[in-house]
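Two complexes, one shared chain (chain A), two partners (chain B, chain C).
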Partner chain A sequence: MNVLRNLDRRVIYVLLFLLVLYPLVKPMGLPVSVGPWTQGSFDYINNLKAGDLVVVSFDYSSGGAPDVDPQAVVVVKHLFKKGVRIVGTAFVDQGVLFANKVFDAWQKQGKKPGVDFVNLGYLAGGETAVAAFGNNPLKAFPKDNNGNDTASMPIMQGVKTAADFKLIAAFATGAPGPSEWVRQVVTKYKTPYMAGLVTVMAPGAEPYLQSKQMIGLLAGLRGAAEYETALKEPGTAAAGMDAQSMGHVVIIVFVILGNILYLLDKPKKAKA
Partner chain B sequence: MTTNWEVWVSALLTLGAYSILFSENKFFQLVEHIFVGVGAGFAVVVNYYSIVNKGIKPMTGKGEWWLIIPLLIGVMLFGRFVKGMAWITRIPISLLVGIGVALALRGAVQAELVQQISANFINVVGKTPGATINNLVMVVGTIGTIMYFFFTYKQTPIVMAGSAVGKWIMMVAFGAAFGNAVQGRISLLISRLQYLFGTWIHLIPTK
Partner chain C sequence: MKRELPLGITAVVGFLFLVQYFFKIAILKSMTDELTDWGTIVSAFAALLAAAGLYKIHLEKIARRKGPWEMSIVLVLVMTAFIIFGVFLGQKSAPYLFLSNQVLVPLSAAIFSLLIFYIGSAAFRAFRLRNLEAGLLLGSGFLVMLGRAPIGEVVWKKFPVIADWLMKWPNLAGNRGVLIGASIGSIAIGLRILVGIDRGHLGQD
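What follows is the complex of A and B.
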């Protein structure tokens, strides 16, 4: 027991590192179930028609990108496979980097900018910018990320407010996140809204699901893996789920061990 | 192993960031400074072009002269760096606070008060036993948690019982939040391991 009491924290790091790495090298094939939050998002997008117009907002920074970027990648993949047209925005400065990466890859596969998608780039202002976009997308983004006039683009014809979009899928690592989108756009324009969030933000956003202000929620890498499973196209997120499970096992074992040691030491401390 | 120098730089910087787990060292400090510097530099460049493209160019090129007003209000924020002119920053700050609060309040009443309260007006008896339990937890948990924050109300046995329920519901919520935090951190580790052992040294097949 004294070994555990005086355990160097670096031993835990090494153990965690090795046990997370092992299933990445030798996958165990644990099943990934699709939860109701993810299923809600998947079903809504699956029922969209070719030519429908949706917003995908890349409101995340590099710190949370490993959690959120796989969600955005798989949702955009599903939307394009359905023939849905995408208006890409970013209300976080680093978000535009990820928007560029995703849309550049699809442009190489034949999707046409201005017709199949438009990358509007970054708009500063946080919640104020989200409100401005909801009120008049063309006025908020008169030019796209490459400096082209948005008003003359085929994809933006007929767009007056956020009510003209069939869905807003916003991926966030902070603000603007669900609170801002719900306050400024969903409540006013009744546009269906789904969020992709870093895992820590998910419990805070759940009330919006229960009140039906949100149609679906992808929570972290797990959410992305569930979506890949629902789409029947497992990618990097699904590949990481064995490792995720092993990492959780390590944490749970050490939480239990820590509590056992605490309970064993409690009477001694009380006597002292 | 890849021969792409960009991947090598990224991989080595990742190792530098993780080296803090072993002990504080110069390599980690270098990586930390690069991270902060690149992040700050990127933000400056993006926001600079945002001001130029959305403010200065339309003003000078299209004659939208009224854009000078928000630009000047923005410049006022730098008043604090000029001796004796710090007072001028109060004008843009008061505008920012006023607009921000007004905008948030406009939506908050409907989105976060009315709709959240009405979402609790449900038939507790659900279609399945599980749904009934979920509904009960939601309604009792909401009432209990609100009762926990009755600081100025007389602590009668009913209020204390409700408050105790609220406390336990919040404990469960904190546990769920911690579990999600752990899950998020493991996800970050997985992403880096996929990069190091997949993209860099090709030990993991990359998709």
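What follows is the complex of A and C.
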């Protein structure tokens, strides 16, 4: 017990590193069930028709990207598989890096810019920029990320306000997040909205789900893995779930061990 | 006049947005749309100002050899490289993509993932069953962690059901309370700013 009492934190670090690394090298293939938050998003997108127009907003930075980027990747995949047209935006400066990566990959697979999708790039201003986009997307983004005139693009014909989109799927690691989108766009234009968030943000966004201001929510890497499972196309997120499981188990074991020591030492401390 | 003019502008613009949100008046809508666009333009200039401020602070640190000034050299060099590559070569040029995809993204992700080591250490040293409240936190934390990780489902099929219940009821109730409280607070602060009681945005108490 004394060994445990005096355990160096570096031992904990090494144990965690090895146990999280192991399933990445040798996958365990643990099953991932699809939760109600993810199912809501999947069902809504699955019922969209070819030619429908949706917004995918890449509002995340590179720090939270391992949690959120797989969500955006799998949702864009589903949308394109359905033949849905995508208007890509970024209201966080680094978001445009990820938008470029996703759309460039699809362009190589034959999707046409200006017709099947448009990457509008980054607009500064956070919540104000979201409001400006909702009011008039063409005025907010007169040019796309490559400097092309958006008003003349086939994909933007008939777009006057955010009400002209069938869905807004916004992936965020902070602001603008659900609160900003709900305040500035969902309440005003009644556009259906789903969010993809880092895990820690998800509990705070749940009230919007119950009030039906959000049609679905993907929470962290788990949300992406659930979506991949629902789409029956396991990808990077599903592969990462084994490692996340091991991380959770290690933390739980440490909490139990820590508390056993605490309860054993408690009477001694009380006597002293 | 230095104080009255900004206060007057704040009040007029604030009330314009407030009235436009609840009533459909065409002229008000065109005015607020224009002001919203100004907001995005001002934000873009604010980003430029922030970059200039960052340069000023770190160049001063380097000149005075103050604090960890070597890190300031790295920051200034990388920032300059990003600006030069992004503005002159474009966001899709090889050097810009290299800096973004091979340096910025992996380093940021690595910093974020270091959290697990701190959480692991804290779990062992600080997460104690000291009283009833701590017990409730510990118990619900356990159940949600097991319910959210696939391994929990393998151990017992009911873990995800319990985790969903905890998230859907106790968590939702708590978060809704926080949300409503924060919203009422925002309304109160908004009104105080509009009528000029709260002058924090002018740089005064």
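Note that in this section the second predicted complex is superposed on the first by the 272 of 272 C-alpha atoms of A that agree within 3 Å, B and C clash if a C-alpha of one lies under 4 Å from a C-alpha of the other, contacts with A are read in each partner's own complex, and residues count from 1 in each chain.
One rule holds for everything that comes next: contacts are C-beta pairs under 8 Å (C-beta built on N, C-alpha and C of every residue); 3 or more make two chains touch, one makes a residue touch a chain.
No experiment lies behind these values; they were computed from the predicted model shown.
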Touched partner set for A:100, first chain B, second chain C, both or neither: second
Contacts of A:176 with chain B and chain C, given as first, second, both or neither: neither
Partner chain in contact with A:223 - chain B first, chain C second, else both or neither: neither
Touched partner set for A:263, first chain B, second chain C, both or neither: second
Chain B versus chain C as contact partner of A:31, first or second or both or neither: second
Touched partner set for A:66, first chain B, second chain C, both or neither: both
Touched partner set for A:240, first chain B, second chain C, both or neither: first
Contacts of A:137 with chain B and chain C, given as first, second, both or neither: neither
Partner chain(s) touched by A:113 [first = chain B, second = chain C, both, neither]: neither
Contacts on chain A seen with chain B and repeated with chain C across the two complexes: 13, 16-17, 20, 62, 64-66, 93-94, 96, 123-124, 128, 131, 188, 203-204, 207, 210, 222, 244, 247-248, 251
Residues on chain C engaged by chain A in the complex (per definition of touch): 21, 33, 36-37, 39-40, 42-44, 46-47, 91-92, 100-101, 104-105, 107-109, 111-113, 116-117, 119-121, 123-129, 138, 141-142, 145-146, 148-154, 160, 164, 167-168, 171-172, 175-176, 178-179
Chain B partner contacts - residues on chain A that touch it in the complex: 10, 13, 16-17, 20-21, 24-25, 62, 64-67, 93-94, 96, 122-124, 127-128, 131, 142-143, 147, 179, 182-184, 186-188, 198-200, 202-204, 207, 210-213, 219-222, 235-236, 239-240, 243-244, 247-248, 251
Touching residues (chain side chain A, partner chain C) in the complex: 7, 9, 12-13, 15-17, 20, 30-33, 35-36, 61-66, 93-94, 96-97, 100-101, 104, 123-126, 128-129, 131-132, 135-136, 139-140, 145, 188, 203-204, 206-207, 210, 222, 241-242, 244-252, 254-255, 257-259, 262-263
In the complex, chain B residues that touch chain A: 21-22, 39, 42-43, 46-47, 50, 53-54, 58, 99-100, 103-104, 106-108, 110-112, 115-116, 118-119, 138, 173, 176-177, 180-184, 186-194, 197-198, 203-204, 206-207
